[in-house]
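All chains are identified by letter, namely A, B, C and D, in their written order; residue positions are counted from 1 within each chain.
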Amino acid sequence: MRTALVTRAIDAPALLREVAAKEHGATSLFLGTVRDVNDGRAVTGIEYAAYAAMATAELDRIATEAVKCFRTELLVVEHRIGEIALGDVSVAIAVSHAHRAPALDATRYVIEQLKRRVPIWKREHYSDGASEWIDPTRSAREADAATGETHVLTFDPRVSTAS
Amino acid sequence: MRTALVTRAIDAPALLREVAAKEHGATSLFLGTVRDVNDGRAVTGIEYAAYAAMATAELDRIATEAVKCFRTELLVVEHRIGEIALGDVSVAIAVSHAHRAPALDATRYVIEQLKRRVPIWKREHYSDGASEWIDPTRSAREADAATGETHVLTFDPRVSTAS
Amino acid sequence: MRARGPYYFTLMRVPVLLFASYADAFRAQQIEVTLADGATVRDLLARVRELATGRALPPSPLVALNQRYAALGEVIHSGDEVALIPPVAGG
Amino acid sequence: MRARGPYYFTLMRVPVLLFASYADAFRAQQIEVTLADGATVRDLLARVRELATGRALPPSPLVALNQRYAALGEVIHSGDEVALIPPVAGG
């Protein structure tokens, strides 16, 4: 198991090699990449910032949970920080396992938890020169306000990670 | 969308490049590899055989179902046929999508359906010189017989794919 | 219209493709069975079981017609591509 | 044992780390607030809201103590690493 915040390009084939094992028949890789359009606005570039010490610790906690739950040590997560270009990989999760279901489940667990819990922020730069920190909870709240619904779509890590 | 039976090595990085798209923020890759042990027997090599015309057609049907259900055209499946070495990739599924959930769901759909429906067979060669066609339904049936249970673990494609 | 033969039903000779463990059991990649016109997949399986090696088949083997899995009641037509499909093990 | 000061509670000056949109709103990567010994995360948030820029915070911002998310009732100790966490957007 290994997790890292990196400031260089993420090398997906290297991660696949890192988790390969002759007793493991299934390998799953997830890549997050920078899209050129978000909410209808043309994106020209992206910047990821992190609370590095806590992001590192939280990534490690998530990976440890996955390793215990899905019973494989061969799990690697890298998240890129800093300015990154359109199409570049921002996050990569590679997992291998003897069997396919836990390999796929572990991949999904890590990306879902990472998106909810790891203190990393994304600033998008737009073609009109503006830039903005992305708040994934805002569109959910605005949608609720528009429909008059009050269900909670967002996740509060203080609740579910208390132990 | 592309599907293929191939007799050469599967190039996972090439498949990742093939499904990359600047409007897609999520890429999922699944690799099946040849394990060195199965049911406690040391495996020295593997041979995949196929009913090539039907395997090609069925792979294409599965990919088409995934493309329609999960709404992405960027889905590639390759299955290797013939003798392959331990650790080599036997099957690869690469999918990209604007969002992560359907990218992961499509990957899982394709591998699950492929394992149930595509007429491909695997012969394992063992260190004692023996070789055997693998019947994934047998261990399930034997487990049922041992426990006296009669639930059906296997999937009959004639039922679920009728339309 | 053709004159009827000595049988009430027209007969057809149907090639049946075999693969993997079935090809090993029958020591052939293809066998031929004779079926009456209008015969179903169920009839095909009954005929195959009458062969000496037919007992190697599991209780309900999968059959493909024209490269699609076929239900037991489906009718086999002359010229159809027929195959017996052992338990698949791809992936 | 230290002599008590003029306050019933000992006071502590707590540095609070800010990031991303919060750092922009406060025009600082760190602020400092004064809390009574035994103060909780809830008390910290009340104190931050009293600042002129404190109104930039959402209704219930996430707080981390020593690099873990903290519940509102958790007690802050002198020397704890305290941070306000804007809605995260990694991945």
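Just so it is clear, a contact is a pair of C-beta atoms (placed from the backbone, for glycine too) under 8 Å apart; a residue touches a chain by one contact, two chains touch by 3 or more.
Remember, it's a predicted structure, so these values are computed and weren't measured experimentally.
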Find out how few touching-chain steps suffice to connect chain B with chain C.
-> 1
Centre-of-Cα separation between chain B and chain A, whole angstrom | 26
Centre to centre, by mean C-alpha position, how many angstrom separate chain B and chain D?
-> 52
What positions in chain C touch 2 or more of the other chains?
-> 91
By residue number and range, which residues of chain A touch two or more other chains?
-> 32, 100, 111
Is the way these chains touch best called a line, a ring, a star, complete, or other?
-> line
Let me know each pair of chains that touch one another.
-> A-B, A-D, B-C
Which residues of chain B touch chain C in their complex?
-> 32, 48-51, 53-55, 57-58, 79, 90-91, 111, 114-123, 133-138, 154, 156-158, 161-162
Quick one: which bits of chain A touch chain B in the complex? Just the residue numbers, please.
-> 12-13, 16, 20, 22-37, 86-87, 98, 100, 103-104, 107-108, 111
Contacts from chain C onto chain B in the complex sit at residues 17, 19-21, 24, 62, 64, 67-72, 81, 83, 85-91
